[in-house]
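Just dropping this structure here.
Just so it is clear, A, B, C and D label the chains in written order, and each chain counts residues from 1 on its own.
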Amino acid sequence: MERKKGFWHFFTSGYLILVLLFIYLPIVYVVVFSFNESRSMTAFSGFSLKWYESMFNNREMLDSLKYTVLIALIATVTSTVIGTVAAIGLSKARRLIRSVILEINNLPVLNPDIVTAISLMLLFLSLKIRRGIVTLTLAHITFCIPYVILSVLPKLRQLDDNVAEAAMDLGAPPWRALTRVIIPQIYPAIFSGALIAFSMSFDDFVISFFTAGMDVQNISMYVYSMKRFNPSVNALSTLIVVVVTLILILANVVPAIRDRKRKKEEF
Amino acid sequence: MKSFFRMSYPYILWISVFIVAPMVMILLYAVTKTGNGTLTFQFTLEHFARFFSDPDFLRVLWTSLRIALITTVFCILVGYPAALFIANLKERAQTLMILLLTLPMWINMLLKTYAWRGILMNFDLESEVKVFIGMVYDFLPYMVIQIHTAISKLDRELLTASYDLGANRWQSFLRVTLPLSVPGIISGITLVFLPAVSSFVIPKMLGGGNYVLIGNLIEKYFLVAGDWNFGSAISLIMALIIIASMYLTKKLDRSAEEA
Amino acid sequence: MRKLIEFRNIVKSFDGQIVLKGVNLNIYENEFVTLLGPSGCGKTTLLRILGGFLEQDEGTVIFDGQCIDRVPPYRREINTVFQRYALFPHLNVYENIAFGLRIKKTGEDIIRQKVGRMLSLVNLEGYEKRNVTKLSGGQQQRVAIARALVNEPSVLLLDEPLGALDLKLRKEMQRELKRIQQEVGITFIFVTHDQEEALTMSDKIVVMKEGEIKQIGTPLEIYNEPASAYVARFIGESNIMSGVMLEDYKVRFDEKNFDCVDFGFRPNEPVDVLIRPEDIDIVKPKEGVLRGTVKSAVFKGVHYELMVETQTGTSKTVQMHVVTQHDLTNAATGEKISANDFYVDLDDLENGHMTDADFIRIANAQAWDGENRDISLTRVSHHIENRTGVYSITFGTEKRTEITVKVYVVHPEYVEDPRHNIGITALDFFITPDEIMESMAISTDLKSWASAEAWNLQDDSSIEITDVKFDFDPATITEGSYEITFSTRGREYKVETTSAHEAGDRIGISFGADDIHVMRKEVGEV
Amino acid sequence: MKKLIATLLALSLSLSLLLSLPVMAMGEAAEDFGGVTLNVYNWGEYIDEGMEVVRSFERKYNCRVNYKTYESNEILFTQLEAGDSNWDILVPSDYMIERLIARNMLQPLDRTIVTPELLETLTPGVRNLLCDPTNTYCVPYLWQNVGIAYDKTKIDPAVVEEKGWEIFRDPAYAGHTDMYDSERDAFMIAFKALGYSANTENEEEIQAAYEWLLSMNEAVEPFYVTDEVIEDMAQGYKWLGLVYSGDAAYAQSINENMGFCAPKQGTNIAVDAMVIPANSKNPRLANLFIAHIMEHDQALAISEDVGYASPNAEVLAELSGPGGTYEGNEAYLPRAGYEKDEFFHDSPVLQARLSELWIKVMSAR
């Protein structure tokens, strides 16, 4: 078993490294070329912060980044609240009602983005609603809520019901039972639902493209509208890669440290 | 506890306004005469007839399905071994690998596609190959994570039992791990094939203008030609294809369980 | 019988913790061997090493004359029934059972014939197409057995297979496993922590503890001739006393000499003595080898289980002075307060044990307001010196409602019993009738009021006061002095008998020389 | 967990606040519009690199410019038709201006701001365009013509001059040719190669042009691209490509052995001009923006960075003349006054017919 394992171990880790290389090739490529002196994406002619400078001077690009983050935050918070409340409501609904609503709920997730985008555009234009930041935010909330529900509802259904009944038996009114017993248990699901919603809103292009109208543009729309290849996008991508890496490290390392600390206290 | 159900009323209102109504709009526009932007209530099926009668539209549809299919198959062939090897890693290494796979998913798809556009400038490839690379790149992490979740849920004892009954590592994989990971593959397919068929950014940015998929057609008839009725018809056709293939994979999934 | 399996000096540890400390064991053909021991004693690890799923750190496993350390599990002539069955959820019953045969590329018709035979062996005919996840626990377990047996292995490993079944089904499966073993005629190695299961099914039992084998033998040998107190305690019910082996055939325990059938010990060697409860007979007090009173009698279905105390424990008697209720009322605040005079042990005073809380507890001082809600006593003042004599102490609430009572500081009279090195003490105390009536656990409260304690003279560790004897009726008690006796556990014998007895009966117990089993003391054995 | 959400939110909020510091340098404002927003809708990459032209306008009038871009005249028109946007400045091509004027979706310019003197600064080739002879609605922004970009080291200029558009059917260049993905321009070279007018609505001529393009596909197997053609020609990846003169000028400034030729069979001249939509919210500021762009320095900055020819006569001479950035650049100065060159006319019928055939051409490969 020992000898064969050696080769197999080498083969599997080699394969995984290849996959990681493929996944991270563009990211590394972009980060490297964001410091390139010349415009070209093929020859690295010298180190310079030229593109970072041009990015920070490019108000249109910065505005679109600002809108992207702003709308992502608003959409995440609103959809998490509505989604969680709806999930709790649905978990107590009759089977038929729940399955019908869930079927509709999954439509924006399974349907191709462009169909959802078109449908929302048609809605706004037919009702003569002027497309702008409001319609864009409403659209984002609409496609974020399903992810929250899909992450919270299963956890809710796993909770054993008589925990809430026990809380009420000990004198807690339904509302208190909800906040004191049910929500703390599904907190991780709410959090992961919010994270998915944030990443979906932050990353969206198609739906924003059709529902944003003239006033506002998010990062994806700005990049899409650039005809000639503009290296300052590399600078922007590097900025986002750094921020995203920080957030993920924060989101994963902090709980790990806390767990290890808590384990130490237990001994 | 029954009172809690009332909590979902606001959401029911929300989905009827922002999901059901819009889909109805698409349906209305798809089956009415062209009224350049305004809804004329003359019922017609001419848009569907126009789509299915013109060989070019069908070729576009076929190209979309073909590229999506190749992408999905390639993602499975490349993704499955990766998911299997990750599942065999030690606990901490596994969480690290999954973290490394999810990180790119957070970065804007546009920016990543733009990066590929820069990279692919060095090579003189056919548009279809460029689009294929872009698609595989975008969808591979989803596939790997779906399959990995399915494999890591398997009870280790099943493999021990298989060894015990005389099956070596390869036979155990073929007869136990693989069949039980089929649900993971199927949920991976839904997360890759469906968006791939309808993608219109990757073909547009990497395939140059000419590589037209069905998503581009819809964009063209809505934004360029301003023909909302025909655009809606195409969207409806695509939505129906998606729902049909989703239903197919669900049945496949259920039958896999019964076997 | 031919030797089939040999474990030679098997050592195994999991991240630093030794699980098997050099195990040597031989298993013969067609034997039903049970590895018995508490969880974590290494029995499952040994089984998994034989199955090839784990590799031992040291030692070798010989199978049918050859060393199989290097042989992977799938090439060993061994099959396993797993604790949670590990049936393949994506295959139906027929396919599950046929799995091993399909691997060996057996012909379809042979498979159909062998699987059919297996299904009838485990009474599951007609279940071929059923989905395994939908079967009951018992049925799943039988499919697991069929799946393993169909490959006709020379050894079948069973890793606590009956754990998940309910009692009645477990009994049934025990008989069925035994029947299958005899009918199929292959070696079974059965792992369990249930001693009754081991006794009913095994040809040979291997008792294990903390990675070592304690004893190997037939169920009868293990039951009647346990190698140590640990084995005896693990198998069946037992009375175990420590004693001394005067000479061959003569042992002394509980200050009496008895004839026995054991020999070969050093003179006056300290030994453990075992007497099975079912070997003890109940006789008239006079005729008994020992006399005692029945402490408890529990009906266990077939027989009664009696606890007979042949020697009383060490005891101490004190006086309980019941005085009239004299709580004071503070007219201004409507608060009421009450407390009793009390005795204090001089030793406790001297080594500073006594805090205000102790005084409040012993005096049973309480205060409550108009609505009968308890108020805490925040002010306690006294000037008790570390000398015997009578002093006074005052308890008060926040709002100055106070009461003063007398404190009798006395020399403690310890009662010491060198033979059992037990010490016990208690103090007289004052109490009111209401407090006795309100008390929900009278014995516990009496112990607390009298500060009754018992301890081991050698290492000062506390010993439980098991009995509180008093002859008043708490419900109808009136003022006056009453005697209360606190005592520790004496020598008690567990006896199984079919005749009915009640607590308090005076009886005699007797047992013969062959009922006494003398065992060498294990080093470090408790 | 709560701590985690808090840190996440705080991080993103600080990020967005940091970035949104309004860059409103408070220079002396010629006229204070108090931070009003002017909505400008222009082609992508069609203004100076750092958008200093826009920033200086914002400082000059203390206003904020919401600058957005579109990809084609058709997308621009569909957006306007959707009716839920009110732009102040648009820069459509001449044939689209013809359509907008016909549907009176534009408003006349304010003569007191866009004065006749300013109009005098325009080079004659672009003044009084067919679509708006009296410049009542539009002021040219940039102009160009369509031509052949080729690698001089691979193809002899004389051959290009001699063959003109027919070079796109020479199998010798199979696999080395880029064709611009725009149906009007592609059909234009077919019409010109066959000697027809670029605006013909005659079905046989259209059919003949369609055949011409199909034969081009067989012969040259072109790569249908949009902006990649600029990098392809600039980096020398391709030998031959259909290109707008402005893009060619930019490419030639990077790669000297790239030649440009406006074929003898005639080509399309196009002028992108600034107009003010009828439903604009602040027409006065819009007029001031047009006047601002017409100033010499702004026109120079735009034309120099973008590479397309400037409508301002002086700037044109300055950039293409001695010491100018585009001195000796064959592509910068579009050919003017050549009788076979034509402007496009707006004809939705032709447009629809061409787009239908175009899908066939592209997917025929």
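By our rule, contacts are C-beta pairs under 8 Å (C-beta built on N, C-alpha and C of every residue); 3 or more make two chains touch, one makes a residue touch a chain.
The shown structure was predicted, so the numbers you read here are calculated from the model rather than taken from an experiment.
When you average the Cα atoms of each chain and compare centres, the chain farthest from chain B turns out to be C.
The chain pair sharing the most C-beta contacts is A-B.
When chain centres are taken as C-alpha averages, the shortest distance to the whole-protein C-alpha average belongs to A. Centre-to-centre separation of chain B and chain D, using mean CA positions: 36 Å. With centres set at the average Cα position, the gap from chain A to chain B is 17 Å. The distance from the centre of chain C to the centre of chain D, each centre being the mean of the chain's C-alpha atoms, comes to 92 Å.
Separation between the centroids of chain A and chain C, computed from CA atoms only, is 56 Å. Taken residue by residue, chain A touches two or more other chains at 42, 125, 229, 247, whereas all remaining positions touch fewer. Among the residues of chain D, those in touch with two or more other chains are 79, 82-83, 226, 231, 235.
Shared interface positions of chain B, defined as residues touching 2 or more other chains, are 37, 121, 222.
Of all residues in chain D, those touching chain A in their complex are 1, 3-5, 7-9, 11-13, 15-16, 19-20, 23, 39, 41, 43-45, 49-51, 55, 66-71, 79, 82-85, 87, 226-227, 230-231, 235.
Across the interface of their complex, chain A is touched by residues 1-12, 14-15, 18-23, 25-26, 29, 37, 39, 78, 81-82, 85-86, 88, 95, 97, 99-112, 114-119, 121-122, 137, 140-141, 144, 190, 194-195, 197-198, 200-201, 205, 215, 218-219, 222, 228, 231-232, 235, 238-239, 242-243, 246 of chain B. Note for the complex: chain B touches chain C at residues 155, 157-158, 160-168, 171-172, 175-176, 179-180, 256-259. Considering their complex, residues 51-53, 72-75, 78-80, 82, 84, 86-90, 99-100, 102-104, 131, 147-148, 151 of chain C touch chain B. Those residues of chain B that touch chain D in the shared complex are 36-37, 56, 59-60, 63, 121, 124, 127, 208-210, 212, 222-226.
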